[in-house]
Amino acid sequence: MTDGMALLGPALGLSAILFSIGVAGVLLRRNVIVLFVCIELMLNAVNLSFVALAQLHGASGQVMVFFVMTVAAAEAAVGLAIILAIFRHHQSVDLQNINLLRG
Amino acid sequence: MLEAVFYVFAAVAVVTASMCILSRSAMSAVLWLTATMLSLAALYVLLSAEFIAAIQVLVYAGAVMVLFLFVVMLLNLGQATTDMRGPAALATTIVIAGLLAIQLFALWSYTPARLASEVAQAPQLSDPATLFAAGQIARDEAVSRGVVGAVAVPLFQVYLVPFEITSVLLLAAIVGAVVLAKRRL
Amino acid sequence: MTAFLDSIGYGQWILHALVVLPLLGVVPVLLGPEASAKRTALLVTSLELILSLGLWWALDPGRGTLQLVSNTPWIPGWGISYRVGIDGISLVMVLLTTLLMPISVLGSWRYITRQERGFYALMLALLTGLVGVFIALDLFVFYIFFEIMLIPMYFIIGIWGGPNRLYAAIKFFIYTMAGSLLMLVAIVVLVWRVQAVTGYLSFSYDHLLTNAGAVGPLAPWLFAAFAVAFAIKVPIFPFHTWLPDAHVEAPTAGSVLLAAVMLKIGTYGFLRFAVPFFPQVALSPTVSRIVVVLAVIGIVYGALVAMVQPDIKKLVAYSSVSHLGFVMLGIWGGTVQSVQGSLMIMISHGISTGALFLLIGMIYERRHTREIADYGGIARVVPVFSLIFTVVVLSSIGLPGLNGFVGEFLVLLGSFSAYPLATVIATTGVIFAAAYLLWALQRMIYNRLDKPENERLSDLNGRELALMTPLLIGIVWLGLYPEPVLRRMEPATRRYLQLTQPGAAAPVAAAGPTIEVRP
Amino acid sequence: MIASRWVWLAVALPLAGFLVNGALALRRAPATRAVSIVGPGVLLAAFAVSIGVFAGLLGRPPHEPHIVTLWPWMTAGALRIDLAFQVDQLSAVMLLVVTGVGSLIHLFSVGYMREDPGYARYFAYLNLFVVFMLVLVLGANFPVLFIGWEGVGLCSYLLIGFWFTEEANANAGKKAFIMNRIGDFGVLVAMFFLWRELGTLNFAEIAARAPGALEQGGTIVTLITLFIFLGCTGKSAQIPLYTWLPDAMAGPTPVSALIHAATMVTAGVYLVVRTNVLFAMAPLSSAVVAGIGALTAIFAATIALRQYDIKKVLAYSTVSQLGYMFLAVGSAAFAGGIFHLATHAFFKALLFLGAGSVIHAMHHAYHATHSHEDAQDMRNMGGLREHMPVTFWLMAIATLAIAGIPPLSGFFSKDEILASAFARGAEMPIYYVYYALGVLAALLTAFYMARLMTMTFLGPNRTGDEERRHLHEAPWIMTGPLLVLGILSAIGGVINLPAFVGGRHALESWLEPVTAAGAAFARVELPHGTTELLLVGGAVLVGVVGLVLGYRATLGRRVATAREAPEEAGLARVLNRKYYVDEIYDAAVVRPVVWLSRVVLWKGVDQGLVDGAAVNGTAKLSRGLGWLGSRVQTGQVGLYVVLFLVGALWILRAVIR
């Protein structure tokens, strides 16, 4: 089953592309929810590279993915709760006018 | 043959990801992301990480994305609101994302052999098989213990402490979410 | 007299006593009742003066080297020892300080009404700082005293000062502090380089002096750091703007000590540390030309700007800039006469300007204004004050026969051979000095007595006369018979010139602390 | 010989007088009795000591001056300056003139200043002045001379501004001191040159070392002498530093007599004679000295023509006569200069004191009738001959003397100066021009003196009928000294009678040891025989013509009193306004300097550049940077992400390669 090894290069390449798309999404969109979605996408890209390299470094790669997922879940939960609170206050989730924390 | 399958799913993942960031409404963005996740699950299988693929589908695609859906519907953001930033933001995005992609795309040419040669100090040792024995052991484990066992052993032995910490993390997240989201305590 | 002094082992304990006594004095001042604070302060400072008079005989005028040196290791790990000693130059400065301190305490008898205890405690702390700076022979100890001096002066200006005293106090503090930090860096680098070459880590002045050559290419930078720190203190032309503000806002005692003693620490620093450590750099053509030009600018600029000042204290402040310009010209004049002249100006400027500020303080206590225009024709109302004020003004103009002239004459005479053109321009400073001070004197004392408030001024009382007499005696005595003072300073001047003239034989690197420096 | 050891007593006595009077002045109660004894008494004692010293000198071998060292004053390295007095022929003569004329003027002041509230203070300053003048004259080296030099400047400041409640007087005092100070700058620089070149400041050593060390006619010796002369112009009110003298008339008249006629203003001439070796070695500077002397003589004389204040006329006359003295020393006739200095002291002091008694009488008259006319304006006088005969006749003698009418003293001294200028012409033709200017100035001098005499004493009285009854002769205490001075100005010529009258130049031979050093380089041979007689005749003729013209010109025109006097016109106006020199100085020097220091230096450089830009500037700069930093925190999450990613990219770029 060494063919999985052969896939290492393309997998890492794909993870790079997905990560860039995620970043583009974060920069492009003003809606906070979509922002979170893009962050999730970036996390998935990272998971992909973890998995790809797990073939070389053993199962610890996959354990990492496992942890990344738990963190992502926690982050999503808290983030969305914050968004709910903001929405209740501002009636909008547009990033532009959530700027109270400034110099 | 495996490459072909890989590239198909890779293409699907890229398309769905692009559609996700370009979609007009939040609802469609979430759904496209779910599709990307599923295609990734398929790729995990190709990379002989079957257990992770399952978890991906169950936990990530299932639970987290559903949570997103809930929030989107709760705030009835479904209708299309073009929240795309202005042309200036578009330009910066292209520049930054482009640069990032170029930088990271160099990873595409990383074969195990090249990785080994870079990692090993002494040039004569740069045979990937000997250096990355751990990968082979893991695969033998998977065969002997089954896919889930191969992941479970390091999870509960080597990484036991981080595992417990994540549980505390999740507890904190739950409490946080409840406190923040409730209207009046 | 010297026999009596030796019998009581005067040489060993006097320098420590002079430093510690004021600090001990602080305790009774703070604990005692508010009213008696000034009396205790006067007692302590007078005691200090009497003690310090012994130095006049204890110092052997024959030898130029550092005497009464006592060395107690303090932080052996870093090679720092509490090392003190005096020579002709520091003797005279210490005596000036101890003389002026009781006078300024007596001068602020009725001037300071709020928090008297705090004020007199700070004055005593200031006395420690001032005396310490002049006798310190360990660069670390010198730096500490250099800083100790700033803090009390900051509070004296900041709390008991005039209307916008905070601005003046902060400006004074930061300005001087910036300079001294530069100096600290230079000291550390110097000690480190010397340690690298001689292998012996020590902050002691003699050790560093003999091996200052070890600094090699860093010398210009180190000299620059020292020079800037002291230039701010002197002050030399571009760094002088803190002085008028500090003087205008400071209370009388603060102004007296600031002008009479603290400015001299800058020139003392040049004479003791900056130039002897790096003679090649200090006396190189470029640096000398810069310093001389700045000095001459200081003289003429100070005098011209003083001419148009509406506020008498600012006028005297700018006149100090002008006088100290002469001192710098003298130090770089490079002859025995010019350096002796600089030292004489340091003393006589201290006495004359100190007296001027005291008088201004006295008239301010009565009339509560420093604008020259508010006065006029008070000679008939306060004849004694006018007479003393005229004598002091004449002494600071440099009328021959009074103390101002001796110093200025020697400086100009001495530096004429080295810098003829600069000296001629500096001599015009003499004309402007007469112009601005006489004009101010005339507008204050002579002219018409047209303002009603001036008619009811009371003349000087006993206390004020008492504190002016020693200064007046000093003015006349130093003017007509400066001989004993000059004789005591001459060996130290010769030693300074011998250390800094390019031809001075580079003294052999003496390992370890030496009591007598073998030139 | 022992007498000169007591020379310091001559200085100590007036000093004691100053201290006593000063103390009395500070006490509230005016002790006029005690002061009027101490003041002049101390001067008379000093005069006695001077006579003793003079007698002592007669017995001494002429060539070594007697140096009396009091104590070492300044020693620094090779420099050794003692507070020492030098008693030699020159200082003895000056000693006599100063204490002699001084005592007479002190006596006169007792009468003149009796009613003044500041009586004690006046005598204190006057005594202090004599102390400094003696120190100046007796100084053995430049710095000691400089003590006297500046000291007399200080006393003239105090005395000119004596009635200081009037701002004008105080200003005049200040102007005098500062202008003197500009002159002193010259003396200081000369001292530094001498120290650098000759390594000494003692007069004796300078005279000894100068011929060897300094190259004759070289730039160094010329520079030294020019700087010394700058000092002299300041002190002796020559062009360009003369404008303070006419304003100095703001002081009491005896002060003008003592300081601004007899003693202080002659200090410049004394210094030139004292350092005659230097001037003799620098022909160029001597020419400059003589030139400025002649120019000042003619220039001041022209201004005096049109002045109406009696003291101003005398002031410009002094400036002019001083010009003559410098003309003399400029043409190497050092003894001639001193001779004229002495005779001038006599008749000018007499003229000033005479004017003083006239003004005193006028004050009484106006005081009695409470009118506020100007007591010093000649247009209010006239016909005082009947009321003040003694003063009139004595001032007439002085007028004839100053005009150079034989056998009075002025004739001999002025004639000798003109003769020496003429003789010097042989070597340097420019001196002929100076001679011509001298003669012209002599004509004008006779003219304005005659004008003054006729305006004041002759013709109809214009003071006013009421006041005329109060006009009467000054008390004997004032006319006494006048009498003595009158005699002196008449027979003053005897001290240096020229050959053609059978004299043997007594003063010149007396001063020979002092002027010997200079004579070695520049010797002036007075013309003999016919040319001498021609010159003398010419001078006398000029004097007489001037007097007659002056008398006829003023008597002819009807002179209106000061109040109705019409405004001057044309040239007369320019002369009356002193060629507007004061205004020119003010505009060209004083105002620009004040503007420069106020606007440019203080506001511009100090507040603006150094304080504003450098000091407060750095404060503003740091605050600005802080403000800039806060601008970045806009609150826009998007911006933060971009910045974050840019940072990440930067690190990535470094890592990847």
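All chains are identified by letter, namely A, B, C and D, in their written order; residue positions are counted from 1 within each chain.
The criterion applied here is as follows: a contact is a pair of C-beta atoms (placed from the backbone, for glycine too) under 8 Å apart; a residue touches a chain by one contact, two chains touch by 3 or more.
These figures come from a predicted structure and were not determined experimentally.
> By C-alpha centroids, what is the most central chain here?
Nearest to the common C-alpha centre lies chain C.
> Looking at B-D and A-D, which one has the bigger number of contacting C-beta pairs?
So, comparing the two chain pairs, more contacts are at A-D.
> Roughly how far is chain B from chain D, centre to centre by C-alpha average, rounded to an integer in Å?
105
> Could you put a whole-Å number on the gap between the CA centroids of chain A and chain D?
Centre separation, chain A to chain D: 99 Å.
> Could you give the separation in Å between the centres of chain A and chain B, each centre being the mean of its C-alpha atoms?
Whole-Å distance between the two chain centres: 7.
> Suppose each chain is reduced to the average of its Cα coordinates; what separation in Å results between chain A and chain C?
Each chain reduced to its C-alpha mean, chain A and chain C end up 70 Å apart.
> Enumerate the residues of chain A that touch no fewer than two other chains.
Within chain A, residues 23, 27, 30 contact more than one other chain.
> Touching two or more other chains, which residues of chain B qualify?
85, 89, 92, 96, 100, 104
> Residues of chain C that contact two or more other chains, please.
Within chain C, no residue contacts more than one other chain.
> Let me know each pair of chains that touch one another.
Taking the chains two at a time, the touching pairs are A-B, A-D, B-D, C-D.
> Which part of chain B faces chain A closely enough to touch in the complex?
Residues of chain B touching chain A: 2-3, 6-7, 10, 13-14, 17-18, 20-21, 26, 29-30, 33, 36-37, 40, 43-44, 46-49, 51-52, 55-56, 59-60, 63-64, 67-68, 71-72, 74-75, 77, 81, 83-85, 89-90, 92-94, 96-98, 100-101, 104-105, 107-112, 115, 128, 132, 134-135, 137-139, 141, 150-151, 153-155, 158-159, 162, 166, 169-170, 172-174, 176-181, 183.
> Under the touch definition given earlier, write down the residues of chain A that touch chain B in their complex.
Residue positions touching the partner: 1, 3-25, 27-31, 33-34, 36-38, 40-41, 44, 47-49, 51-52, 54-63, 65-67, 69-78, 80-85, 87-88, 93-94.
> Can you name the residues of chain D that touch chain A in the complex?
629-638, 641-642, 645
> Flag every residue of chain D that touches chain C in the complex, lowest number first.
It is residues 25-26, 71-79, 83, 143, 146-147, 149-151, 154, 157, 161, 164-167, 170-171, 173-174, 177-178, 181-182, 184-185, 188-189, 191-193, 195-196, 593-594, 596-598, 601-602, 605-606, 610-611, 614-615 of chain D that touch chain C.
> Contact residues on chain C for chain D in the complex?
Touch list, chain C to chain D: 171, 175, 238, 240-242, 301, 304-305, 307-309, 335-337, 340-341, 377, 379-380, 383-384, 387, 394, 399-401, 406, 409-410, 412-414, 416-417, 420, 423-424, 427-428, 430-431, 434-435, 438-439, 442, 445-449, 480-483, 486-487, 490, 493-494.
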